[in-house]
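Think of it as A, B, C, D, E and F in the order they're written, each chain with its own count starting at 1.
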């Protein structure tokens, strides 16, 4: 019973990402999209990395914002992948 | 896939009561699901916990005080109301709520309970 | 194939709505069934037939119409949220685009029960 | 007495708008001159003549009308922001309340220069 | 040339109050109103207290939220007072 | 009181460029004030600093990319563009901007410059 977390807000601006981290479980996965891409620059991303949760980043949304993705730590995904991810998890929680 | 006749819904409240309409909009969903005899639970995290705090009075600032409707949860068979203990502690708040049935959960219990529901909506 | 229901809460001029539209179109293109889209909170403005955006801006309302026509995608408008924002059909005045169905929150109960997964945007 | 101009950016169903209304009414009651209110972003919905709120909710639009009539308070609507949100007057359809003046951002330049202080809500 | 800062957001939710604190000067004044009243419970309020900047709280907005005001540290003000404050400062910055 | 014919305006940008329309709405005000030959300065703080970062491309996500209009500031006599150094540092960003005239200020300089304007609007 795993959860997919869609993070759409910058942690520099709102508390949504911090609240997501409170809820996230070991077998969950996370997607950074929209302004959630800015979290690649935020210290809180290290909490998620340390928890060994897969961190997906919607590539187009990061590229539009001139945010580079370290492929050793993060998975670049397309909108097709996002559709698959939402289908392959038991539930989706959107943090916006 | 088999359609499940009554999928459990968790509503995660993250906003303070009066500054936005999020709390009221979430309540409207909860009451409709309740009146259709659906399995619905309410969760309060972050500034959402302010919605449960006692002695508030929205009428002072001309809000129709939807928090008063919380007392009707029993009538709608909404019995599962959970609050994140960490969010209370961060705000220096005690367990002084305006309704009775609130269960204060540790972060891990809160997360476990929330993700035991089939659908989660966050407001 | 999975059945997905989508809830939208953002207005037509928000880029968050563009993301939701791209998600839905991609899902439909790949054979995922979107059983319906429910418009709540500020998202009800997506149903306004009177929106005027600059030509070079993303024409959100046309995009909803396109998906509705091409895939018979059901678009449900929460009537209470719409009335709060001045979006009503009364007498001679028609403000709501034809592609949208005027619904209540009861529709959301049905979508939740019919879908395998509900995605909120 | 000081001359104040007010910019509003929040919609009629937001309690933040009630705060702004209380501020303006209190100022006018105490002899402060409010030279005009400029409605921008989501605040343009305050000018909709089609808003339907529950009877027991704060009737924001009636309150603007009251202040306009009692104090001849100028209410300026940003037309671009309004059109983005489906609020337009065209042909037989009148959506904008009479108490509001359809303006552009140039009006904001004038308000800024005429006022001693600009307060944003 | 003093500035009046109107704080309308909770620092638990958004970054606005933190940004206000970056800008505030010694001769300025601050008003907590709307969800800004919640900042009386936030650790950041101590930064403002230490700066000796007058902290006004719109009494009705705090009372509606069941937030008590420590009168040894904060000034309870009415809407009449808020009008006076906006008239008595050179400019107003709204943090919302 | 004497009305001042040209009151200086500071626009304080606090939001990232694409997630909300705040940046575009602020820009529209700046350009109007510029075209009326008003004294207008732009400030970038918090997530607002992302509006200045080089190599962005809103068209990838179907945004009409209003950031490109920043190159017209000279034409409108908008010459004062200030960014908060602390906000850049917090985000691990360098001074790599898509327009030339940006002045990076320390927190105290940024505050001093901002409050030297008669009107401040924040978006």
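Everything below uses one rule, namely that a residue touches a chain if its C-beta (ideal position, glycine included) is under 8 Å from a C-beta of that chain, and two chains touch if they have at least 3 such contacts.
Remember, it's a predicted structure, so these values are computed and weren't measured experimentally.
When the interfaces E-F and C-F are ranked by how many C-beta pairs touch across them, E-F comes first.
Interface of subunit C with subunit D: the two copies contact each other largely through the same residue positions, with over half of all numbers used appearing on both sides. Centre to centre, using the average C-alpha position, subunit C and subunit D are separated by 29 Å.
The geometric centre of subunit D is 26 Å away from that of subunit F, both derived from CA atoms.
Measuring from the averaged C-alpha position of subunit A to that of subunit E gives a distance of 34 Å. Counting only residues that touch two or more partner chains, subunit C has 2, 13, 15-16, 19, 22, 116-118, 120.
Touching of two or more other chains is recorded for residues 8, 12-13, 15, 34, 61, 90-92, 94, 96 of subunit E. Of all residues in subunit F, those that touch two or more other chains are 18-19, 21, 46-47, 61, 63, 119, 122.
You'll find the chains touch as A-B, A-C, A-E, A-F, B-C, B-D, B-E, C-D, C-F, D-E, D-F, E-F. Residues of subunit A that touch subunit E in their complex: 12-15. Of all residues in subunit E, those touching subunit B in their complex are 8-10, 12-13, 34-35, 38, 41-42, 60-61, 63-66. Interface of subunit C with subunit B (complex): residues 2-3, 7, 40-41, 80-81, 104-106, 108-109, 112-114, 116-118, 120.
Across the complex, subunit D is touched by residues 6, 8, 33-34, 61, 79-80, 82-83, 86-87, 89-92, 94, 96 of subunit E. Residues of subunit B touching subunit A in their complex: 12, 14, 45-47, 84, 86, 107, 110-112, 114-120, 122.
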